[in-house]
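Structures incoming, each one as structure tokens.
What follows is chain A paired twice: with chain B in the first complex and chain C in the second.
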Partner chain A sequence: MTESNIVMKTIDLTRDFGGKVVLEDVSLTVGPGEILALLGPNGVGKSTLMKLISGLLMPSRGEARLWGESCWPPSPEMYRVACVLDGMSPPSGTRVREIMSLKSCVSHRFDWKLATSLCEQHQISTASRWRALSKGQKRWTLLVAALASGADLLVLDEPADGLDVATRRELYGLLREQANDRGVTSIVASHIIADVERIADDVVILVDGRVRLHSPLEQLRDEVFEVELPLEADNSVVTSLAEVISSRKTDDTLIAVIRFRSLQLTEQELPGEISRRRVSLEDLYLAYTQPSQIQAPEERHELASERSR
Partner chain B sequence: MCCTTVNTVIMHISLNHHSGDPLYRQVVEAIRLRIAKGEIEAGEQLPSIRDLAAQLQINSRTVVKAYEELDRAGLVVMQQGRGVFVASNRAALPASERRKRLRELAVKLLVEATQVGSNLDEVIDIIHETAKELETKQ
Partner chain C sequence: MSIQWPLFFWVFRPLRLLTLVSSSLATSYVLLHDKPLEFFLDLNAVVFVISHSFLISLFLGRVRSESFAFLYSQGFSRDLLWRHVWLATLASVLATWLPCAVLILTPLRSQFQDWMQNPWFPLMASTESRFLTRSLLFYGMLLPIFHYEWIRSSMPFRDQVSGHLLVIAYFVIGLFLNERLWYFGADLTRSAMFLGFITISVILGLFGYWLHKRLEVGAS
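Our next item is the complex of A and B:
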């Protein structure tokens, strides 16, 4: 990614609240038309990161940039961002139409036709007041306002909250469509890993406020395997070919989730390899958030600071 | 509309997002299978990158990667500005590479056969049967 082709970039982004560090040294980049998914346990700093990117929070240290401009204090470029964040709620008497109007004031590219049709398809009248909407309808209304805004970057915190499966699929279809057709970038935090697996181009796993993994999902699918090895397997050979993400012992074998250091290396057989299989993102996520048994200390450090680009 | 009558194939591919298999490989395998079965013929045009990406709701770069892989394997020809077509004369691989690839598959097949309690004769029978089925479809 060249510097001019970067939509969002964070450099050592850090934020603490009253001395408690919530987010530490987060350095990420996202390009146009990419969908970046943030994964991590609750309270890990995902929402804080999203607020920092959206220019709603001042960093304690480091910086978040959008199109090369700092997010704090918010730059004039911020009109190109639409976000749906946790706890966003218009006054209860606001009509759906007014929520859309407000958005259209900020963005001259607001697509009224799209907004109206997406509301109608979900039995939401633009005359309805906020308080009369169901939980799912409220969420959908905010998403529609963001999707129709013509923004170049969508920042969505748990967007699927309160949506049924069909609506979630529809949302992800729309995100992909906007990414492919208009180069819209999306940053999505979600705890529904199966959903992330469906839509993400890049995956970020946050653990304790730090980036534990940042990688294109297709590359992970290419390089990550769960392998079964004999207990006496030569660790040094294994770790020269792959990073051991997690491992556990059975009676006579070692089962490890590993990531080969390149696609080419996946063609090599590990010493005494008994079997290998590909893993789902859910398994991978668990592997990254669980401690490992045969990992060398320096390896652990390397993993913690890993950045794929 | 275009004046030449090149059929653009409508591609029904079902992707499994949760198997851990890279999506571009799933697309490659699905198209390879269709070509092998004769469902898509030489000279036929594959969907455009944009169309296939929209239909499968995946990143268009994933489709590009899949088409490039098929192009490298000599199964399709990517023509700048015109589209992607099923290759008419599929470039034969050098014998050594061909044998290497088939040997890898043979190992997988035989391991599976042993595990399910089958034997070499049965495997050979099945290969003959499957070849006949593919032929009749072509």
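Our next item is the complex of A and C:
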């Protein structure tokens, strides 16, 4: 990715509220057509980061840029950004048609046909008032306005909030379609990790306002493993090849989530007493955010069988 | 200067009821008031304009509401939003005073008062057009201060100078100087005070525009 085609870049982006630092030294880069999954527990600064990118908040330090232009004060380039953020909704008496009309003022590329058909598919009449819509319909209406806007960057905070499984899949399918067809970049914050795992190109995990991980998802899939080894075994082989993200001990074994320092190192044979398996993004997320919550494989099997029952 | 009508109607939405009420009140007052209308001598009219200006700013400046944040997150430039805030403001003022202007200038008010056997009319009718121009001038002086105020109060750095305090201080100083300046003549005093007020309005209006570009939205 060259400097000229970077869509979004943050440099040491920091924001505090009344002296409490919510986001600290966040440096990220996103290219055209990428889908960035922004993960992290509640209150780590995901929404603040999105508001900073959307030009709604002023950074305390550092800078956020869109297409090379600083986001603060909000640049005229903001018409190329469509946001669906928490805590922002139209007045209760507004009709769906008015929301679409407002969005069509921002961009001449607004696709009325797409907006109408996506609303109709979900039994949302454009004449409906905001207060008459269900939670899921409200969320879908805002998403439709963003998707139909022809924006080059979508900033979506918990877009799946209130949506059923089928609609969530439809949404993520549309995001992928827009990324492939028009090179639309998406920044998606979500707690439903299994959903974003299907579509994300890059993953960012925020912990305590700082970037704990920023990596392409494909690379994580190849490089991150969970290893299990007897307590008395020599673990220096593992530590020499990989970064230990989290570890926990059981009576006689050590279970660790590790990330190999490079793709080539993953091909190295580990001693026989060390077993390894691939981990899901959800496991990786837990490893980064709540190391003590990582379950031993047998516990996970028990949990899975309990759920299936 | 382009007007985005959907945006205009969106911004004007919170002013609809206020405009309806203010228009009804002003029209009734202008029609039924049985004394000649003289703006700065009529406390009711002065209080009405102050209240109307204040409420316009209050309704347009609900910075912490979800609908305000929604509008500002839609990708409109701050200049366009600011322009439409002023257009909505102007629409509310004109919708309130146009019917009054029609009553005074046609002159329906004069006919009505004459019909009510009010001895002042139609003799006084010709002087009342000044009531309109002076009330609009007063709006022009107040609204930049009130609009500046809601923006200032929502900034993270609230130590910006308060428009209200500035105006109050101005009047206190004005009253204090009034007696001393009277020596130079009433017209000069009045002109100096008027120019002072206009200067404050213009400066705060420009500063409000500048701050609006830096207005934070959705700060938790």
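Methods note: the second predicted complex is superposed on the first by the 278 of 309 C-alpha atoms of A that agree within 3 Å, B and C clash if a C-alpha of one lies under 4 Å from a C-alpha of the other, contacts with A are read in each partner's own complex, and residues count from 1 in each chain.
We adopt the following convention: a residue touches a chain if its C-beta (ideal position, glycine included) is under 8 Å from a C-beta of that chain, and two chains touch if they have at least 3 such contacts.
Just so it is clear, the structure is predicted and the values come from calculations on it, not from any experiment.
Under the superposition described at the top, does placing chain B and chain C together on chain A give a clash or a fit?
When both complexes are placed onto chain A, chain B and chain C end up side by side without any clash.
What is the contact status of A:P91 with respect to chain B (first) and chain C (second): first, second, both, or neither?
Touch status of A:P91: second partner only.
First (chain B), second (chain C), both or neither: which does A:E69 touch?
It touches nothing on chain B or chain C.
Give one of first, second, both or neither to describe whether A:D164 is in contact with chain B, with chain C, with both, or with none.
A:D164: touches no partner chain.
Report for A:E120: first if it touches chain B alone, second if chain C alone, otherwise both or neither.
neither
Which partner does A:M58 reach: the first (chain B), the second (chain C), both, or neither?
The answer is second: A:M58 touches chain C but not chain B.
After superposition on the shared chain, which partner residues are touched by A:R278: those of chain B (first), chain C (second), both, or neither?
The first partner, chain B, only.
Looking only at chain A, is it chain B or chain C that touches more of its residues?
For chain A, the partner with the higher number of touched residues is C.
Contact-wise, after the overlay, does A:D234 reach chain B, chain C, both or neither (first, second, both, neither)?
So A:D234 meets neither chain B nor chain C here.
Once the shared chain is lined up, is A:F17 touching chain B (first), chain C (second), both, or neither of them?
The second partner, chain C, only.
In whole Å, what is the nearest CA distance you get between chain B and chain C after the fit?
Superposition on chain A places chain B and chain C at a least C-alpha distance of 27 Å.
Where on chain C is chain A touching in the complex?
4, 6-7, 9-10, 13-14, 66-67, 69-78, 156, 213-214, 216-220
Of all residues in chain A, which touch chain B in the complex?
Chain A reaches chain B through residues 33-35, 172-173, 176-177, 179-180, 194, 197-198, 201, 218, 221-222, 224, 277-283.
How about chain A: which of its residues touch chain C in the complex?
Interface residues on chain A, with respect to chain C: 17, 47-48, 51, 54, 56-58, 72-74, 76, 78-83, 85, 87-91, 93-94, 98, 101-107, 149, 151.
Would you mind writing out the residues of chain B in touch with chain A in their complex?
Where chain B meets chain A, its residues are 17-24, 50, 53-54, 57-62, 65.
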